[in-house]
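By letter and in written order, the chains are A, B and C; residue numbering begins at 1 in each of them.
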Amino acid sequence: MADLQYKVIVGLEIHVQLCTKSKLFCGCALSFGEAANSRVCPVCLGMPGVLPVMNKQAYEYAVLTALALNCKIAEFTKWDRKSYYYPDLPKNYQISQYDLPLGNNGFIEIPLKSGETKKIRIRRVHLEEDAGKNLHSSGNFSQVDLNRTGTPLMEIVTEPDMNSAAEVRELAVELQRIVRYIGVSEADMQKGHMRFEPNVNLIITRGGTEFKTPIVEVKNLNSFRALEKSIDYEIQRQLDEFLETGRTMEMGNKTTRGWDDVNEATVLQREKEEAHDYRYFPDPDLVPVEMKGQWLEDIRCGLCELPLKKQTRYVNEYKLSDYDAGVLTAERSTAEFFEQVIAAGGEARRICNLLTQIGLKLANDAGCGIADLGLKAESVSELSKMIGDGKISASAGNTIFEEMVKTGKSPIIIAEELALVQTSDESELEAIVEQILSENQQAVCDVKSGGKKCKKAQSFLLGQVIQKTRGRANPRVVSDILSRKLG
Amino acid sequence: MDELLNISCKELRDKIAAGEIKSTAATEAVFGAIKKCEPTVGAYLQIFEGEALAKAAEVDEKISRGEAVGTLAGVPIAIKDNMCTTFGATTCASKILENFHSPYNATAVGKLLSADAVIVGKTNMDEFAMGSSTETSALKRTVNPWDVRRVPGGSSGGSAAAAASGMCFAALGSDTGGSIRQPASFCGVVGLKPTYGRVSRYGLVAYGSSLDQIGPITRTVSDCALMMNVIAGYDPADSTSVGEKAAPVCDYLEKIGQPIEKLKIAIVPQFNAGADGQVRKALNEAINVYKNLGAEIIEVDMPYLDYAIAAYYVIATAEASSNLARYDGVHYGYRTAEPKDYIEVYTKSRAEGFGKEVKRRIMLGTYALSSGYYDAYYLKALKVRNLIRSDFVRVFERCDCIMMPVAPTTAFKIGEKIDDPLKMYLSDIYTIAVNLAGVPAISIPCGFDEKGLPIGLQIIAPAFSEEKLLRIARMYEAQTDWHKKRPVIEVKE
Amino acid sequence: MGKKIDEALVRKVAKLSRLELTEAEIEEFTGQLSAILDYMEKMNELDTADVQPLAHCLPISNCFREDCVKESLGTEKTLANAPQREGEFFKVPKILEESSG
């Protein structure tokens, strides 16, 4: 085993379900969890005589995605029929795009653990219709539900630019973030909105010679966990297989495997007798799409600052930590709310803390986004300024935030009602400090003497002042006064 | 034939609207003809006598109360059985759809219903519209009303036979390679294939999607115009139907009686040479009628027409092989009795449900699209199609229309060509290029051969010029009596 | 192009088309399809190197519909023509493998 090294090569194919209201070629509503075959019409059922009509929103969402992935947008594109027979595909062909996808030659940047980013090239983005579902009932029969037939799917194919399971996972996560940001998909893994098919192989170097293992495609993964684990499994399996058989990549020896989640292993799928002949040809029922100037520009306007870029900007511009920036940019609505508060004024880090420490917690508890808590950006801005000015303490700030959500009242009113307004009045506080010092001669001595009891005594004196003011004294100011008086 | 059945659709429509004739009377006359002729002719797969009479009565009622009714109110019309209807079945003359009940109406059918037409029944056809004689129907045999030993033509043979024998006042057919025009010419009636995209295909069971069009089969040219007024127009459910802005629909009847001044007609002598002597004779005589009306005749060459059959049978079968993939016994249609696994549901249902011609064309089409053959066949055929269309474009720069035979012969004998598919295909030579180019064409009666069989004159015009095409056809019809002749049908005892 | 189609190819195409043909049909079709394909060789007489394929007769592009929901058929109507059903589902003999697509 000495003198053997290997490099992992992974390309990924991702199917993303778009969040249009209706299906790609007919007006049936998209469905999840409804009664079987209740969201079907003659068109998606593939009845005799029906014809497809393209959903404009779906097309624009796909183009928007291609733009977000830095793709070249095709000026002319068409629709092709991909023929194969399967009970969940009522027409026994799928309408897709073959040789002229709507987007190609793009890239996506993924964050690496090192803090740098890596560009993964996107080969193509195209639109196609989903098939229905086959369920296996007991006995010798299967059941077919066509609710999902005709749902708009975007297919995104990367170049084999990834070199570890972790990188593939990063790409999947980033892609999910992007499609949610631009509003084209809910990308809810639970609902099967994203499906992955990695193509994995190894380049093994042994004794100075390079060998490539046959490519394996793992079909139909629908969680990040399964994605990462299946690739890790494949890497080991291919390494073992190579050492045992020496088999290398040749024309036509690409295989397909499925993922067994229970045993956490990939499993060879039944060998097909012949390679698929999909007999692609242009769909005569649909006309081509010409992406002309103004239309493309209108779609491009829908493109916003993308999450990774935003995250980086928060770190650079607002001096937030990478972690905090990540939290704020995890969802577009959170980031936008943050930016609204910034625009209203206040110190970025203070605002960040309010939102991340208390804001998101409340949002999670309420099962909604931070922007849906009913808070006004101006109020949050005001609150952060109150903290900055020392009018209230940071912890009081959290309390007031919660009250703002509950009652909708302004921060200053809540602060007064709850007697949380700090005083920073030097003269007022100095008088109180004098009083406390005079009442606590022992502690004063302990501080002045330095030594072990000093810190404790300092805290004690500070605590006494705070208590005397019933929590209203600005601790910073009190500390300063104490330091001045005690040296 | 009952005298009432001899009047045109338009005249019937006008008289019903005026209260002079009752739709019930016209409908009863049609069903009288059906009782007499149908046992011989066999034009219908389904007859809706009860519903038709009820509708007729309803129309009469409304008119007598002075209520508004549609433009075809009370007129008995037949529909080819490859157009989806929510009433009755939609069989496409195939075992595989013998019991299929559509939950929706084809757009063209919906338009007839909105126009208050009376639907007589659904007519026989070649299975899935694949054929030129109606002989491939799996459900029934239709004969030519002029000679019961001969075919009515196909694939809209039932519609043409029904119109010719007074078993309806007009019918809808469909035309992919000549399936309206050829049976119209074999049966001595008028048949129009509109420009591709002029009439919605939604609800027309697809055969060759880039070639199919629904069109009227009637006894007069004006009736075709009347039918076009009802069925033509943009349909948002059909992405290949043309929008109002690109090609607005006009009133095809408005100027129907107005001849075209300085009419320029192109003929293709080399191409016509392949037709039967008597067909050529009738064609020449028809051309002379136009000459006498002041038309200028020019001779042109259209060299690519010779390749139309080859290109058509690749493109149409390729599209058909894909369009018919859905007939698999899973979601609707015929399923084989005891499939041992789900693959047999497909392979046996389709083998048992489809007839030979359909299977042949599916095989051809699958072959033409399959890996390794796509470029040589399908792609090549699409290029040839471009050349054929360019022939038409070039010629139309110099003329108003092209005239040629509809078919090389008159109606052939039943069984004569059915065992030789290539021979059958070759008989489509005059109609097929028109579908490849997407332009409109009409067949009008222009004589009879020595055996007393009808001959049709084909007039082809530029895209979306149906209004002019109908006027050109009417010019000839006004000068002749062919369209008034009626077959004498042997009545079975 | 230019070769007669042979029985092996006819079987392969029949399989792709999901048609179970009888031996007699295979023999008959092999002869007939050969003759038809021979005829189609005619197209090779034309030099189409510089010709664009014409898939659509009409110069239409960009035909779309708005993203509006329309009422579906409903389960009963959807299953009304089903050869075999089980409750709200279409029923088929057990499907053994993953989707072929």
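The rule we apply is simple: contacts are C-beta pairs under 8 Å (C-beta built on N, C-alpha and C of every residue); 3 or more make two chains touch, one makes a residue touch a chain.
Predicted model, so just to flag it, every value in this text is computed and none were measured.
The chain with its Cα centre farthest from the Cα centre of chain A is B. Here the chain at the heart of the shown protein, by mean C-alpha position, is C. Centre-to-centre separation between chain A and chain B, using Cα means, comes to 57 Å. As a whole-number value, the distance joining the C-alpha centres of chain A and chain C reads 41 Å. Mean C-alpha position of chain B lies 24 Å from that of chain C. For chain A, residues touching at least two other chains, in rising order: 42, 45, 53-54, 85, 87, 142, 144, 146, 277, 279, 284, 286-287. Chain C has residues 16, 18, 55-56, 58, 60, 63, 65, 73, 90, 92-96 in contact with two or more other chains. The multi-chain contact residues of chain B, meaning those touching 2 or more other chains, are 100, 103, 210, 236, 239-240, 325, 328, 330-332, 342, 346, 366, 370.
Those residues of chain A whose C-beta lies close enough to touch chain B in the complex are 42, 45-54, 81, 83, 85, 87, 90-93, 142, 144, 146, 277, 279, 281, 284-287.
The residues of chain A lying in touch with chain C in their complex are 20-22, 26-29, 35-42, 45, 53-59, 78, 82, 84-89, 94, 131, 134-137, 139-146, 219-220, 258, 269-270, 272, 276-277, 279, 282, 284, 286-290. The touching residues of chain B, counted against chain C in their complex, run 99-101, 103, 196-197, 210, 236, 239-240, 242-243, 246, 304, 306-307, 309-311, 313-314, 321, 325, 328-335, 339-348, 350-351, 354, 356, 359-360, 362-364, 366-367, 370, 373, 376-377, 379-387, 389, 421-422, 425, 437-438. Every residue of chain C that touches chain B in the complex is listed here, in rising order: 1, 5, 9-10, 13-14, 16-21, 25, 29, 32-33, 35-37, 39-46, 48, 51-58, 60, 63, 65, 73, 77, 80-84, 90, 92-96.
Interface of chain B with chain A (complex): residues 82-84, 90, 92, 97, 100, 102-104, 106, 201-206, 209-210, 236-240, 318-319, 322, 325-326, 328, 330-332, 342, 346, 366, 369-371, 374, 378.
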